Every structure is written in structure tokens, then in C-alpha cells.
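Shared between the two complexes below is subunit A, which has subunit B as its partner in the first and subunit C in the second.
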Partner chain A sequence: MTSRAAIALVYTGLLLMGLLFISPIAFMLAGSFKPDARVLMEAGEWRAFWPAEMSLQNYRDVFTRVDFARFLWNSLLINGAIVGLGLLVNALAGYAFARLAWRGRDLMLSLVLAVMIIPIEAIAVPLFYLVSLFGWRDTYLVQILPFIANAFSIYLFYTYFIGMPRELEEAARIDGAGVLRTFFSVILPNAKAVFASVAILTFLTQWGAFLWPLMVTSSESVRPLPLAIATFHSLPPLQWGDIFAFGMMMVLPVLLIFLVFQPWFVRGVAATGIKG
Partner chain B sequence: MISMPALLGLLAFVVAPFLLAVVLGFSNLRLGSPLPLEWVGFEQYRRIFADPSFTRALFNNLLFALVVVPLQTALALVLALLLNRRLRGIALFRTLFFMPVVFPLSLVAVVWILIFAPGPNGTMNAFLELVSLGAWTPHDFLRDTRLALPAIMLTSLWQGAGFQMVIVLAGLQAIPAELYEAAMIDGAGRWQQFWHVTLPQLRNTMIFVVLVTTILAFRLFDQVQIMTQGGPHDATTTVMFEAVEAAFTRQQVARGAAMSVVLFVVVLLISWLQRRLARQEREVA
Partner chain C sequence: MAGVEYRHVDKTYPDGTRALSNLCLSVGDGELMVLVGPSGGGKSTALRLLAGLDPISGGEIWIGDECVNALSPQRRDIAMVFQNYALYPHMTVRRNLEFPLRMMRLGRSATAARVNDTAALLGLTPLLERRPRELSGGQRQRVAMGRAMVRQPRVFLMDEPLSNLDAALRTQIRAEIAGLQRRLAITTVYVTHDQVEAMTLGDRIAVLNAGRLQQVGPPQVLYDRPANTFVAEFLGNPGMNILAAGLSRDRRSLQLRSSGWEIPLAELPQRCRELAQHLAGPFLVGLRPEAFSPRLGTTTEMIVETVESLGHERLVTVRPAADTKGGGQTSLVARLRGGQAEGAGQKIELGLDGEQLRFFDEQGDLMG
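And now, the complex of A and B:
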């Protein structure tokens, strides 16, 4: 059915686009192993993508110049807390909307749907003012708390739970299990897919958070990686090898998680499209 | 009530700040100002729309959307169409196109500063010289009033296309195979199948992708803050960059709040438009 010429055309297109997409990453990877001066010198040649003399010096330099481990820990802690607590809180809310009858449910559901379109950018300024007023700036808490409850996560859980068969829960109810018991022993084990999707989506959007940490943190002890790389870039002397090594170490954990759980990533992102 | 923690969170950290933005937008609040708090009506709005930097910011966001949205949507569609077949190595390419999405924007911005380095040694300059067969003369992209915004557009395009691609790919795979079979029986060629089956079936997905990309265009901040600081001469400033400058750098909270409200109104308009378009389609079908 598909001719050889058509297949060749598809592969040529893929290869060409693939090279364009991979080149910035290859540039960074190669540069992270090169002596600093060479990164800039060779940026305009094919050697930009190939480290002739490999060394780990840049990686060592990152650790002597800044407290990389600290930034990594901050990012892991903040994102771990947002994802973990977010899953619990938003899944429970999604379940309450999908299965329980309570006063004000329909009103609250329309509120959640309405709130879904408010981006963090639209509330960053007043939130910044509130946080300054309460003296909460420069803490972990201020980077975690506002992002736990998430309207879109609630919506994803809600639509998933609505579509689940009721029989399982009814069996548990007959056995005398309460709402929470039912949720943890019946719903949770049968809804791993939606939990994975929401976890990955939350992680993807929060791991790169830049605007909010920029506004509310000033000391390195609580700053996450995305802010740290920007600060590191403007820290003299300008050494591109070090910056790329920092970047590689910053993205490597995420890249590994991505490669291992790739089908889940794709499903998680595709889940956002179902909304329309 | 098990929904309480999430609902309280939304009320405290989304609804309340949002209402506060609306209220503050009508005041003269500045952090650490000796002036008493006053209600000034629409004064802040009058001022920001009279401020050439802010109107330039709105214009830049709009321009960014007008250029990036069609380009990125088309790119995502092309990539998804290329990937939507059973060929050897397809999974590898899908991984590759999606990879930039897991890169934090701030890291991407820093890396692309070097790609856009001035002089013939700069990666982008050297690449353009190569593909134009030597006709391109080196430019200092990020300090050029005409090239700085396109440079940021390209950076964003590279990072974001994979996300849209995955959504479009899911949309493509949801199209029932019977539709194609029926079209083939009717004697439709590949091109006709694309126009009469693929595109109409993909309509809601495409509307969604366009909506998300447009909203992202108006939220633009990280790349601007890191790559150009809004410059040169406001060539890359955005609504969000101006709002942060006002509220954070200059402590003019009320002014920043008014700008946030403008941003929200724009986002609301775009969402409203999307809903109307999507509903129309349902009525037709």
C-alpha cells in the first residue's frame, strides 16, 4: 500500500527534523565535557557537537563554585511535596465530586471548572503581596502550599472516577467499608493510570517553575534549580562549559525518569487534550 | 468532608488572590510607601494603557501569538502525521521530538543565549550562513531590536512543539479506521483523505492546541527575563515581564495587579472563543 518512495520521504523528513531538534541538546552535552574556552570558540562549527578532549573538569567546577547538591535537594523536596500532597488532596476532591452527594457540590464543581483557566501568572502579583504581608517569603512552604490544590488535577480525577464501574465500590460498601476505606482499598489500586498521568503532568509543570521562586525567594538555601541555573549563568566568570555541566546535571534525573516512564509521559500529556 | 483540603486550597491560593488582584487594581498600593491607601478607580488602568512599555508588551504578546501559534501548531501536526504510522524506529523519533519538553524553560533560555551568540562563531549565525550559502551576515540576535523577539519565538517553539505533537498524535489515533476505509472505497486519495477525514476529525484537538498555545504566548516570561530582560528598547517586553517589573522590582503592587487583571481578561477571551468554536462544531455534527 505505502510505496517505498513514500517511506523514504517520511524517514528523510523525520531525520531532518530529528537533527534540528537534537542539536541544541547535543551542543549542551558536548560542551559540558569541553574546556570552557572551547565551547564558545567552536560554537559555530561541527565540532560544537563533538568534544575532542573529554574531561569532567566542568562538572567538578560546578560543585566548587556553587552548592549544587543544595539546589537539587530543594527542587526534589518542593516538587516531591507538591506532587505527593497534590495527588492525595486532588484525588479525594475528584472522588467526592464523582461519587458523593453533598450540599453545594454542583456549585463547587463549576467553581473548579472556572478556576481552571486562571494561570499562575494572573495571580502571582497579589499572591506575592499576601505572602510579603504575612512574612512568608524565602521559605519552602511558600513554594509548596499554593500549588498543592490544582483545579485541573481535580478535573482529571473527576472525569476518570466518573467513568469507573460502580460495582467494586458497592461490594466494599456492603462489606461495611467507609468512604475513605473504599477510596484507599478499592479506587486507588484500580486507578493507577490517572494517578500516574496527574503525577507526571504536575511534575512537568512544576519542575521548571521560575517566576514564582524568583519573586518569593532571595537566599540560596531554599532556591530551586531553574532559578539557580539562571543565577549561575550570570555569576562571573562566564564559563560556558560549567553552565552546560550544571544544565546536564539539572536535566539528567528528569531525562532518566522520562526515558523509563515514557509511555506514561505521553499518556499524561495526551490527557490534557481530552478536555476540548 | 474529603474534598475540603483541595477546595480550601483553591479558595485561598487561587480565588482569593484573584479577587485581591481585582480590588488592588483600583487602589494606589505600593509596598513601603508613606502615602495612605486610596481608591483611585480606573486610574491604574488609564496609566498602564498610556504607558508605551505596557502597550508595547501587549503588542509583543500578540505578535508572539500570531507567529508562534500557527507555526507551532503546523509543526506539531506535521510531526504527528509523520509519526502516526507503523515504521521501524518511530518510537525513537517520538522520544526525540518530545525530549525538549522535559527541559526546564530557564535552562533552555540559558543554552539558547549561546546559540544566539553574536559574530560568525555563534551557532545560529554559522547555521544560517551555511543554509543561505554564505548570504547571511552575522547578527547580534538578542541585542537587535528586530531579531530579539524572533529569537525568543524560535527558542519557545523548539521547547514546546513536542507537547502539542503528543496531543495531536493522540487525536490522530482516536480517529476510527473505518472512516479511512470508507473514504478509500469511495475512491479518495491520500490527499483527499487528509482533507475530508483527518482534518475534520481533528478539529476539536486542533482548537484545543491553538487555545493552549495562545494562552502560553500571553504568559510568556521566563525566556524574556533570562535572555533579554525585555530589551533592547522594549523589543521583547511582555505583559508578565512588565507586571513583575512593576510589582516586584518597583514595589508598585497596584500597578502590577492591574496588569495581571488585563492578562486574565485576555486569557478569558481566548477561552471563551475556544468554547464557542468547539460548540459550533458539535452543533454542526
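And now, the complex of A and C:
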């Protein structure tokens, strides 16, 4: 076999894999534009992926049947706060682990690493009692606060800062900047890549959060999209087209976030001004 | 402006590495002191302690009339040029130069004036709006110098600032640094492992090895009268030849052991004769490569091992013809000029200039 044929084979394989993974989303996208009756009717054929008659009716229905805007706002607020505050807190923590000398640092770092493997499901019940005790149930706060400090994010920041040339910070210290000033004026602008990665990862993992919001919220006014789509699903009449439209609108912010932060991956890496 | 003083400074790193032991060194106001020594000698450590980047384990460091042990780097009023320049990659040259002034909260117009002056002085004016990655190595080096100078600090610290440049540029910028330092008269501590840089640049040189100060003094003094065999071998390119030596049984001639060289004391200068009279056991003799010459006093036959021609002179490695074993220990390097170039394996006659003989005791310390 020539190497050309081999390459063609590999690409065909990859293409098929890609199609396999993208097909549910394509199905959802196509279905969200179809009248409800056709969604199931065409499910078994190629037209499943092709809306013959385009219509935005399903999207309109979502807005009239439930207060979609409200849920979207809740999700954006909660996730925005988790990502924003998380970047600040975890970056500072990672920096403290990487660069500041303080008593008990190494012990704390191993603790953070150990905590990384504990999933939310394992601590959900005791955490539930704790927040109930504080009277925080059914608030935004209870959906934000437990997820700001994040062991994995701290670890990502830590490894990035450890690898940054020390001289940059030392130069800033000598030039008269204090620790925080050094962090914000010199470290942060040169660590955009890790900030972008952490932002995307946090957003991706938190956007679909289901168990915890289900446990701690009861009113629609603070509930996020994943709970809303579950309720929507069981809201008669069962309309697959509407559910797909709902799903599409839920996925869209994730794509947007990715597009916004993605260029920073590349730029951050290319921008080291240190010679060597 | 102020002098710098290390008083019995010790440094042990957290992992137990002892990087400096009892360093006592004072740098005069406006002086350019070069710290030189082999890798791992403790030069950077000495500089970092002075900058306040690492905590000191023992002793005191003074800048002017102030003990700075407890001061953080930003309160020491020093500036530093790093080996890799450590320019802020996300800032333009102008912003880089402004940064220390902004930290001082200098007014806007004063900041601009100082940045422009410094840029003009270093020829950076056309580059002010560029970022570090858009500059050549030499230009980056200049920006790093500028960022240090713009502050008008009490002390300049430089850690191998030229080691990332090519040879021609290094010579040029070395001269510029010397000129600037003299003009600004700012106390400077300059670290290098390059002994040529040390010799040409320093008002005084301090040689550090394994965390200990070996000798400090003006370059010529260190070259002519090295305090011990370490300094003797380290300074000069190549360094001094150190040979085991003793007196002949009748105490009338100097024998260079394992080289078969025997020089009648009568041929040596007065100073050497007097010194030799007091010597009992074995000792060491040091000879600079330029101390050798064909046809000079009592000559000895040598076999040429290698010849490195530098154009105007040749570095000739020789071993005594009498010693058939060969081997590194008994080889000498001689710096020869003029005449015919030697070939490897050829036999030549070499004599030596007694004026240039240095005597060291068995511990390697200079005698006389």
C-alpha cells in the first residue's frame, strides 16, 4: 500500500468518527427547525439531518411555553460568577502555592491535590446540610459559592506559574512592585493561555450542573437551564421539536465561550519575551 | 548613591546547599566591582542576596549607611539587569522603561522626560513603541540596561548581562557599559564567569569559588600576584601553569618536579633566591604562559604536544622531553610569538623568565 493510500484511509476513518460524534447534534439542530410531527417520522432516514421546511416556530414555542429568558439569565449569572470569581481566587491560590513561601504550603498543596479527586456527588449530602443550616437554600449564592474555589483550577494555575520564568517577577519586585501589583501587572498579562483554559473548563463542567441545583433549589426564579429542560421535557404536550430548540439554545453559549477564549490559547504561548 | 558592604554573609539554601560562606566584601561608592568565578561559585547568590530576592542566612548586608537585611527588594533602591533581560513581554519598550518610574509614583511629565533621556542615551528612541520580541538580542540588552538606569538607583546589579550576545557585540557593549558606569558613577556589582570581561571591566575583581571569597583587588594585582593557585589558574587565558617544585639536594638550584627542569638559583632574581632559602619541603611554582621563551637563561628540551595559533601568537602545549610518560599533569602551556610555528612532536628548547616565577605553599597559598 502506498503511503498516499494509507493517509486516505486514515482520513476516511477520522471523518467517519467525526460524523458519528457530530450526528446527535446535527439531528437536534435539524429537528429544532422542523414541525413537531416530522421529527419522529423522519428519525430513521437521512432526512433526520435535513429540515425540508425551515421554521422558527419551535423556538417561539419555547419562549411562550416557559420563561426561557429567566432560566438563561439564571444560568449565565451563576456560571459567570463561578468562572469570574473562580479565575480570581484560584489564580491567586495557584500563585501563592507556586511562588510565595509560607508555613504549611507543601502540606496544603498535597491536600489540594487530594481534594481534586473528590466528586461533588460524594460531598453533596453533607454540603446540603451545611447550606441548609446557613439558610441559603433556593438562592443564587448556594449555587455559586461551593464552586468558586476549585482544586483542579488551582492545580492548573499552579503548574503554569511554576513554569514561568522567575526573573520576570523578580524584575518587577526590584522595579518596586509589591506582590499583588506584580501579579496583576506582570503575571496575569503573560498567563492568558492558562486563564483561558481554566475559564473554558470551568464553564464546560458547570454549565450542565444538575444534581446540586436540584437538591438546593425549588423555585423557578433561581433555577438554571439543565433543571428547566428536564421540567420542560415532562411538560405536556410532549413536543420533540420544542425540546430540540431548547437544547440548541442551551448549547449555544458553550460554543460562544469557546470561540471567545480559543485564540488566547495560541497567543498566550507565543508571547514569551524572555530570551533563551 | 552609596557603597555596598557584605559583612560575614552566609547563605544556605533550604535544601542544605551552602552557597556562600562568610563573605566579607565592600564595594566603594561609584565603584564597579566584578564578581567572577566558576559555575556554582556563588556569584548569583551574592547578587540575589544584595537584591533581596533570597533571604540571607547569616551576617549583614549594608547599602550606604543602612543595613538592608530586613528590607524587601522594592525598598532597597537598586536596579538589576538579568542574564535573560526579563523584559516585560506584554509591554512596549516605552512601557518597560516607564514601569519602575510608575512604581515610584513619579509624575507624568517627569516620567516622560526621564524615559526620553534614557532612550536617547542608549539609542533606543526609534524602538520605543516596539515590543521586546520585535527586538534583536543587543537591543533587548540595551532596553534592560535602560530599565535599570532610568530609576537612577543607588546600586546597579548585573548578572552576566552579556552572555547571550555574540562575541563582537559583547565587546562593544562591554565598552559601553564601562563608559556609562563611569559617567553615571553608580555603584555597580557585576557578575560574570568570563575572566576577560572581569579583567577589562572591573575597578576591582572579587574571585569566588565554592562560596568563598578567594581574593579581591584591582585586575592587574590579581593577575600578577594571585593569592592562591585557584586564582592563578582561573585568571588569564589560559591560566597560570602550576608545577610541583623543590630545591635540589645542594640547595643551589630549583627543580620543577616531573618536568626535569632544573634552574640554578643564581639565574633567578634576588627575591626568588631569598624565598628559596627559607623553603624546607616541597612547594608549588606558578608560571604564566608568557613567562616562557626559547633562548632565555637555562633552557630545557620540550616536546610539542599541540599548537593553537591565534594569529599574532601561539599557545603551545609542551611536555618535558625527559618525561617520556607524557600525560596532562606535567604539560605546560607557553605563549610564544614570532619565529617559526612549531609542529606537534617537534622538540624545542624553552627557557623561562625568573621575574615571573610565583611560589605557593603546599596548600596553594602565595608565598613571598
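As a convention for this text, the second predicted complex is superposed on the first by the 254 of 276 C-alpha atoms of A that agree within 3 Å, B and C clash if a C-alpha of one lies under 4 Å from a C-alpha of the other, contacts with A are read in each partner's own complex, and residues count from 1 in each chain.
Throughout what follows, contacts are C-beta pairs under 8 Å (C-beta built on N, C-alpha and C of every residue); 3 or more make two chains touch, one makes a residue touch a chain.
In this text, all values refer to a predicted model and were calculated from it rather than measured experimentally.
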*asked:* Quick one: is A:78 in contact with subunit B, with subunit C, with both, or with neither? Answer first, second, both or neither.
replied: neither
*For A:170, is the partner it touches subunit B (first), subunit C (second), both, or none of the two (neither)?*
second
*asked:* Applying the document's definition of touch, where does A:128 land relative to subunit B and subunit C: first, second, both, or neither?
replied: first
*For A:259, is the partner it touches subunit B (first), subunit C (second), both, or none of the two (neither)?*
first
*Regarding the shared-chain residue A:251, is it in contact with subunit B (first), subunit C (second), both, or neither?*
first
*Touch check for A:178: first (subunit B), second (subunit C), both, or neither?*
second
*Can A:190 be said to touch subunit B (first), subunit C (second), both, or neither?*
second
*Larger contact residue set on subunit A - subunit B or subunit C*: B
*Across the two complexes, what residues of subunit A are contacted by subunit B and by subunit C?*
272-273, 275-276
*Name, in rising order, each residue of subunit C that touches subunit A in their complex.*
51-53, 72-74, 76, 78-80, 82-90, 99-100, 103-104, 131-133, 137, 140, 147, 151, 164
*Note which residues of subunit B are touching subunit A in the complex, please.*
1-3, 5-10, 13-18, 20-21, 24, 29, 31, 78-79, 82-83, 85, 87, 93-115, 117, 120-123, 125-127, 158, 162-163, 166-167, 169-171, 204-205, 207-209, 211-212, 215, 219, 221-222, 225-226, 240, 243-244, 247-248, 253, 256-257, 259-261, 263-264, 267-268, 271, 274, 278
*What residues on subunit A touch subunit B, complex-wise?*
2, 7, 10-11, 13-14, 17-18, 21-22, 24-25, 27-28, 31, 39-41, 43-45, 48, 89-90, 92-93, 95-97, 100, 102, 108, 111-112, 115, 117-119, 121-130, 132, 145-151, 154, 179-180, 183, 204, 207-208, 210-211, 214-215, 225-227, 229-230, 233, 240, 243-244, 247, 250-251, 254-255, 258-259, 262, 265-266, 269-270, 272-273, 275-276
*Could you please specify the touching residues of subunit A with respect to subunit C in the complex?*
165, 167-168, 170-178, 181, 185-186, 189-190, 271-276
